[in-house]
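Here come two complexes built around chain A, the first alongside chain B, the second alongside chain C.
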Partner chain A sequence: MPATQLSTDFHKTMKLDNVNTSLQEEIKLECGVDIELCMECGKCSGGCSNAHIFDFTPRKVVQLVKIGDEETLLKMDALSTCVSCHLCVDRCPSQIDIPRIIDYLREKAHKQGIEPTRKNVQLFNKLMLDYVQKNGRVAETHLMVRFNFKTGQYFKDAEMGRKMFFKGKLKPFPSKVKRIEQVRLLFRDVPARREG
Partner chain B sequence: MSNRTKTALIIGGGPAGLEAAIKIGQAGYSVTLVEKEPVLGGTLRKLCSSFPRWENPQELIDFKLQQLDQLPVVRVMTDTVVNAAERRGDSFLVTLQGKEGSNQVDVDAVIIATGFELFDASVYGEYGYGTYPNVLNSLEFEEKLKEWTAAGDKPEALQTVAFFKCVGSRDRSKGYPYCSKICCMYAAKQAGLVKDLFPDSKCYVFYMDYRAAGKEYEEFVRSVIEQKHVRYVRGRPAKVIPEEGRLLIRAEDTLMGIPIEVTADVVVLANAIIPSSGTKEMAELFGIKTGKYGFLDSDSKSPLQAGDRVFFAGACGFAVESLGAQYQGAAAAAEVVALFNQAD
Partner chain C sequence: MSVAYFPGCSLHGMASEYDRSARLVCRHLGIELKEIEDWSCCGATAAHSLDHLLAVSLSARNLAIAEQMNLNQVTAPCAGCYNRLKTASYEIRNSEAIAAEVEKIIGAPAPVYSEVTNMVQLIIENVGIEAVAEKVRKPLSNMKVACYYGCLLTRPAKVTGFDDPEQPESLDRLMQSLGLETVNWSHKAECCGGGFAASETSIVVDLGGQVLEAARQAGAEAVVVACPMCQTNLDTRQEAIEKVRGVKYSLPIIYFTQLLGLAFGYSVSQLGLNKLLTSPLTLLKAKGLI
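Our next item is the complex of A and B:
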């Protein structure tokens, strides 16, 4: 499990004088998110659906922006583990859009050629987008099977898949949306991004 | 019962004492207001601006002085202290000591409004107050702000100012485990004023939490953070180290769990509010109750009564902002007026 360390190395002193406040300003400008509204309450982290596997919980992501630790932010595992469920924003008393910040950081990391900490996440996103491009919607069964095979986890969801199949929860054949050309147009206008 | 108009003695001419004097005077009773300083206004007179509305405190004082001027029943004695007090039935014979000599007066009730002092931060060796000239207490800094605002001859630039909250307060080891209640507010105010005067400066407020329990208080602190861009750093500074004419501060960012350092030009300490020496003297003179830390005390049934015919108001009872001191001054006046009305 990758566990990112602060770029300053743990327990090495951080100099506030050198804080890069431009990152905070950049995020305000580019994402329209003002992190000075943060009250450091941690409700975002308490609400986060994935906080238990985050190296830096949503509150800490905001705090890292405050202390200007861009290096840590661009390398952190949270860029891969955030599933953009928006529970944090929903809970936040200041409505701070943390997934927007995380998305922005993902793009930035990608542009700088920083490898995501979890290759699987990247692969999953790619496979999912492939389905959307092809069929206009995701075929969950196929997606899981392909993902598990590509990652060598051949029997990972087999038991659950069997149960779901017999309960009629899984569709064996993928279906297409009616006007697939419209979806493809979207893909033409916005080229698929490769980051996690 | 004598026929002379009942007289109240008010000791201390800060916001609490002024309010009490005006209200009792307006109710038609005589008042003797003694103030040890040459001017009225108390600590409020030393302030640059007042939270939560960025008001000029001098305007409030001027307004109160005008009200006093219209009340011939109020006798104001500045440069005066109370030397002795003797109980005589339902009144006190008190000795007032002024610059020109002393005189004795009979009074029928007393309101003590002798205010507060700041805890002496030099006991914290790690902060260097009293040793490093740019480590100031909050009132010293407030006076600087006032100078800079009024005269306009402020220093050309001030790069970094750091504020330390809870200096003395919430510190068992120094004997003051209580929260001093107003420092969170004035620290925000002072940091905001620095940003107004020196827009390019950086201001850090080191805090454990900020306590802004009052009308418009939370909004006030948030506006200082969000609109004036004062940076709040969670953690209590551990050390100030002089370094090439500046001050290096060591602390922990307790939100991330990492040690941090910042270099400042000025460090401002938000000292604990403690009872003034005058408050202690008056408590002794009138033989009234004080609590554990020396603030005047009452039973909670009549919250401003410290003894028979002895009341108190303002920061001599506990740390309070000036509006609260005024409320208490008015409430203590109501106690005295009620007492005088009953006796008539």
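Our next item is the complex of A and C:
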């Protein structure tokens, strides 16, 4: 979702009028993250690796949680582009775990079937977990090929792939877990959790 | 000493030279690595982005197997795996509710005894810088490197409890003990783009490009890494980065274990130095190191 569509009334909506505290309380309960500790210094956004491409920087994410604007949070592009580098939480004087909030919102958006702004990021993650569920491990070569085919980018990394092949970096036979039933058990309640 | 070893998917795939050099170097330093039997994927970014409990359980299963092997110290050379295992251990220890859920999901006692360390930490804390220096047969002198820690080796600080998240020094000190000169630079602990190499390549080209540019400006001749994701991003995407930025970097991205091995007297092929895409061999020859 382009930032311009969401932020028409940006300054107005970020004001602390009509605050709905339910999301803030939910995040405190579910993630153990208390945004009341935020002192509004902005160091999270100053450190953020991807602030320059985010529609909502970490500081704004915290503010949106505070006013309870869940709709904006679940649709924002930052859910797709956060690299989980944890610079924000380490620079925060109150150690507010913003990456945990982002993951919580990602999971919630997915549960509600909200389309991510960058479908490829979610597709890649799902394909990767498919391999984990099937083999217990990820076969990088297979994952890359499958991802590029699924997204119709047949020749995207062909030149890089050729070089990696000659360096012996591509493995045709994936490494697998023997007691795979143990790993599949870990996935058994995942669909139920996704449906809430 | 025996340590549970978690190689992770990358070290069984594209980063086999990291696996090989890590095993050689640890054996040389008297650390016995015992691979966690039938280990499974840590879940990486994919799991923690889609299901929190699944992410913790995937890592916990591996820690539980290590405990069954009577090994409480666990090491992972991949900074990504290290971070996931360490986070799982942290969550299990700090939340009884999570520990109880995990126990139910994995069908084994929650692994509360595991001590997870990354491999830089393992060597520094269990062998020590001086003991490493004593083992050097071929000092790696006259070469300037940028030690790149990336995000996951030190962050989040409250979970890793390792080094300084802004200006880490452990890897620098380890490399200095081999005779290398390490540069002071701005991007030691910035992000390379992590797991976005395939799905949003532009992010890796952007963030990885900033890392390479900072290393070049600091006068580094190579970048030293302790993570297969950092290595792959900076190495395999270097050509794309050069195209976008219009700068020829030609910076070899070398695993720290490969340099340790080289200083201990192991050969190029034993350490897999010939497997890196941006070849370090010209540089190493020019320095009289191979």
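What we mean here is this: the second predicted complex is superposed on the first by the 142 of 196 C-alpha atoms of A that agree within 3 Å, B and C clash if a C-alpha of one lies under 4 Å from a C-alpha of the other, contacts with A are read in each partner's own complex, and residues count from 1 in each chain.
Note that in this section a residue touches a chain if its C-beta (ideal position, glycine included) is under 8 Å from a C-beta of that chain, and two chains touch if they have at least 3 such contacts.
Note that the structure is a prediction, hence the values are computed from the model and not measured.
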Once chain A of both complexes is superposed, is A:Val183 in touch with chain B (first), chain C (second), both, or neither?
second
For A:Arg106, select first, second, both or neither according to whether it touches chain B, chain C, the two together, or no partner.
second
Is A:Lys167 touching anything from chain B or chain C once the two structures are fitted on A? First, second, both or neither.
second
Applying the touch criterion given at the start, work out whether A:Arg137 contacts chain B, chain C, both or neither, answering first, second, both or neither.
second
Please determine whether it is chain B or chain C that touches the greater number of chain A residues.
C
So, does A:Glu36 touch the first partner chain B, the second partner chain C, both, or neither?
first
Using the touch definition from the top, say if A:Ser45 reaches chain B (first), chain C (second), both or neither.
neither
Which parts of chain A are touched by chain B and by chain C alike?
none
Partner chain A, residues of chain B touching it in the complex:
160, 204, 225-226, 229, 231, 233-234, 250, 253, 255-256, 258-263
Residues of chain C touching chain A in the complex
9-10, 12-14, 16, 38-41, 43-54, 57-58, 61, 95, 105-107, 151-152, 155-158, 165-166, 190-191, 193-196, 198-201, 203, 206-207, 236, 239, 274-277
Within the complex, chain C is touched by chain A residues 32, 49-50, 53, 80-81, 83-87, 89-90, 95, 97, 99, 103-104, 106-107, 110, 118, 120-121, 123-126, 128-129, 131-132, 136-141, 143-144, 147-148, 156-157, 160, 163-164, 167-171, 175, 177-179, 182-183, 185-187, 189-190, 193-194
Going by the contact rule at the top, pick out the chain A residues touching chain B in the complex.
6, 8, 10-17, 34, 36-37, 40, 59-60, 63-64, 66-67
